[in-house]
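Labels A, B, C and D are assigned to the chains in the order they are written; within every chain, residues are numbered from 1.
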Amino acid sequence: MAQLLEAIYDEIRPLLGQGKVADYIPALASVSPHQFGLAICDVNGEVTSIGDASTPFSIQSISKVFNLVLAINHYGETMWERVGREPSGLPFNSLVQLEYENGIPRNPFINAGALVISDMNESRFASPHIGMRDFVRRLACNGEVVANKTVADSEFEHRARNAAMAYLMKAYGNFENDVDDVLHSYFHNCAIEMSCEDLARATNFLANKGYSVCADEQVLTADQNRQVNALLATSGMYDEAGSFAFEVGLPGKSGVGGGIIAVVPQQFSICVFSPALNKVGNSLLGVAALTSLSKRIGWSVY
Amino acid sequence: MAQLLEAIYDEIRPLLGQGKVADYIPALASVSPHQFGLAICDVNGEVTSIGDASTPFSIQSISKVFNLVLAINHYGETMWERVGREPSGLPFNSLVQLEYENGIPRNPFINAGALVISDMNESRFASPHIGMRDFVRRLACNGEVVANKTVADSEFEHRARNAAMAYLMKAYGNFENDVDDVLHSYFHNCAIEMSCEDLARATNFLANKGYSVCADEQVLTADQNRQVNALLATSGMYDEAGSFAFEVGLPGKSGVGGGIIAVVPQQFSICVFSPALNKVGNSLLGVAALTSLSKRIGWSVY
Amino acid sequence: MAQLLEAIYDEIRPLLGQGKVADYIPALASVSPHQFGLAICDVNGEVTSIGDASTPFSIQSISKVFNLVLAINHYGETMWERVGREPSGLPFNSLVQLEYENGIPRNPFINAGALVISDMNESRFASPHIGMRDFVRRLACNGEVVANKTVADSEFEHRARNAAMAYLMKAYGNFENDVDDVLHSYFHNCAIEMSCEDLARATNFLANKGYSVCADEQVLTADQNRQVNALLATSGMYDEAGSFAFEVGLPGKSGVGGGIIAVVPQQFSICVFSPALNKVGNSLLGVAALTSLSKRIGWSVY
Amino acid sequence: MAQLLEAIYDEIRPLLGQGKVADYIPALASVSPHQFGLAICDVNGEVTSIGDASTPFSIQSISKVFNLVLAINHYGETMWERVGREPSGLPFNSLVQLEYENGIPRNPFINAGALVISDMNESRFASPHIGMRDFVRRLACNGEVVANKTVADSEFEHRARNAAMAYLMKAYGNFENDVDDVLHSYFHNCAIEMSCEDLARATNFLANKGYSVCADEQVLTADQNRQVNALLATSGMYDEAGSFAFEVGLPGKSGVGGGIIAVVPQQFSICVFSPALNKVGNSLLGVAALTSLSKRIGWSVY
């Protein structure tokens, strides 16, 4: 495994310098693009890694996975009345489809979907971002995980488009709490910082029928776990979910901080990190590394 | 396996009578809704079946799979300049997205995508529907497979929406041949009649790394085969591709004739048939049978 | 003129009871639908009226006209960089077009357009709703005109969709002030209460080359006045601007409070009021009365 | 009047060379852009003109006006079940709105609307383009008016987008005749060649309460005439109907051949011609000339 990671590292390194770091908030724009880390965690919790795999980065939309799991735990099947399970076919932050479909977001991984799920968790938890933080710490075996307040505040300041989505859902009766309150929680979760090693551990339950070795906890039932992986496979990678399935063939979720997590069911959880993004907002080197990894070992689920 | 199929048959039978047979052309509207067949083919070509599994039916959009394979064989990677690989998020026969995306259909399984692929095959074959018929006969080990000319002619007569799509693509320079010629081939392929057993055999290569036992032929490379399965998983089931992944977790393709094929990679190809359709146009009992099958054996790829 | 109004009153009265009072906020829902008033003001400021023409009602979107005039006065041609002058072809509160056109609203009379203009006036006035109130009082020769605070507060509470629009424009850089501040001003202006007689006087400058007899003030230049009337003619009547031009042929603006103002250039300003609305949100009896009026005297500008 | 036209000619001439001749078919692309003609016809039929006002050009979409009048004559109010009367807010050849609104085009002047009207006239006339040609000859007092067959054939060859629209309407049950037959008639009408003087005469009834001096014929009732002018005012100028109302303030209709007709109700019909088009497809010098004309005399209807 260590050899495999080195081979991939050598193959991918020449791409450093391509792509563009997210720059819609200053705190993310200042991240050095010359970073690359990769960690793989097997179902016994054993982690192999290479490069900047222990460097914490902003997990951003990867937090949507944890957000979704918390909502499934609490609301079960009923939550699907408020959010769909279909790929969207439109950019992750579009309001067009949301209007045509009367305020029901297409799936939990476009922004509108994640916001409605944050709204559910806001209703559930006394202190939503403490609930999330503790959950993630348990899953990652790392009690030090924290959110970056500067990032969270800066995202809140630039909240206009997400606020527009939340208000539009409120207009359709699909948003319970105060919009600004939910946005605070949402951005706080996006601003959590974790390393590849943290995230490979924290998402390992997805490769392990819902059981987290770190937390020694059945996070999801085996059925629910398959369902979450199915959602990741059809909707986890923004506008390139289809290409990612085509080239990589694994359930995955990316964030604009440059991280991508991927799942080889019953075998491995993977996290790759490199901040420069491709045109649709996924880590350019991350996608390349996962493509190489999948091709080399035939890990595609299909 | 035979026992499993019987258990499913018993579970599903009470649903007979629900749903609605496709009625946009008389030839399909007259099919009896009280039919149900299921066939499973393992990678050695062994078929187990139950119910009306040897009754031929109109394969309709399932032909898009064979259509795509023929185009991949001939055009390889270059074909993806003319058709995308992303889920569509809009009904299978919508022109809206086609206009916004300048005549490049989202994927090979919405109608516009299948039409552009038919256009490719029209350019390639001297006699496109003979090319298709012979291909399908080889894959199914059945030299009797034919298209129903009445159905094909009736579809051509009601071609308006498909003609609109083809002309819109032509307006964007993404259609080479005469629209009516391609529509004739396209409808002819849709009107091919096969039974569940035929289709389970004919799609068995998808479960067998691209190798067809019947034809003794490597139909696709193992890589291409994974890619076709990935496309089926993200886009094969009309507007419920996401729900189907969530509930069933297998690459699949449905047709308005009431057939659905599904793939358990490296293990089985499955075909189920029942003509009454659910709201999005997939066989109601077919989806129910595959859901039950997947749940009972944990066949989800995720 | 008095005879004409009586004839119209007799013709229209049987329609009382048709249509539906706006009910998205309680304060409007409680208005009695059995009201009808009509006032006509000639260019000397002479008013003829009938029915409930001196009953104050919520002017709602008719305030967009005054809002626009204040912005033209202050910003002149430069304001058209932030809002268009084309009919929209979509419902007045749709976000779809706003997203496709990058946050530039189609015209000043759809909600998004009125909000961006409120944002302009928010930047200009120390106390925007006092600025508006005083302006309207002058134009109407009525120092008693006030806004209904209950209505304004209730609209603010139900602000979700308008807030969504404002935030979406902010996301595109087309909104300067705090969203809630502007919404407060906007709803305050909508909640102004005036009678048909007040409004016929207050909009008389539109029929008088921009000169207000009441205020003894050139409110707009003759050129600007023609332009405002042109905008009213192409975009003033929500989704039935075209039908209204076809049937009535006069520049006009309606509000969900049941008022409609219309302009016979160089001759008359008209205001009609009846709270029950037709399907697109215009006063049902109001449209009928103006149709009758226009047909009887051949007042269409076309 | 002659002096006025000279003043405008002098003002406009420096713009020659700006804009771009329509080039989607060779026959139009070869037209010299250095042409400008203007003709004004008063309600007695007296024509004043300047520049290339007697040069025939391809009337293109101006034919939609005659097409509409023929349909009104035959079908009266019932025709509005098949075509709307609202501005579209989308490009003249878009299929998006047509799909969202189930195959009912927004108005008679977008392409889809003109096609459905051509379909009506196809059902009515034994020989539709002879019917049109004779009608136009009568209105223009010019028995020599003919269509350019090369242009018509070339348009038919490039019919893809218009064919897509027609088939989409057929799919919604809003198209009776064979698509290619109607397209032949439609393009034939677009390919009619007339001069500014011809068109000023031929559209003079629009300025004359529906009465044509040339034909000595009440072409439309006074009411219908106002309605046609209203439609021209709200929808006649492609995507700049609103700006044209704002700047010029007259009912008008443009064609990609470079012609624009405009109406001063009860006073004049105007035709201007200059082949180079602005970004939305209206004659660049034509719009400039009409703006100048309207400003100089205060001819805006508003």
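Rule of thumb we're sticking to: a contact is a pair of C-beta atoms (placed from the backbone, for glycine too) under 8 Å apart; a residue touches a chain by one contact, two chains touch by 3 or more.
Keep in mind the model is a prediction, meaning the values are calculated, not measured.
Between the CA-based centres of chain B and chain D the separation comes to 47 Å, rounded to the whole angstrom. Distance between chain centres (mean CA atoms), chain C to chain D: 33 Å. Centres computed as Cα averages put chain B at a distance of 55 Å from chain C. In chain D, no residue touches two or more other chains.
In terms of inter-chain touching, the protein chains here make up one closed cycle, each touching precisely two others.
Going by the touch rule set out above, the chain pairs that meet are A-B, A-C, B-D, C-D. Interface residues of chain D, counted against chain C in their complex, comprise 84-90, 97, 106-107, 222-223, 226-227, 229-231, 233-235, 239-243, 245-247, 249, 251, 265, 295, 298, 300-302. Those residues of chain B that touch chain D in the shared complex are 94-96, 99-100, 159-161, 163-168, 170-171, 175, 179.
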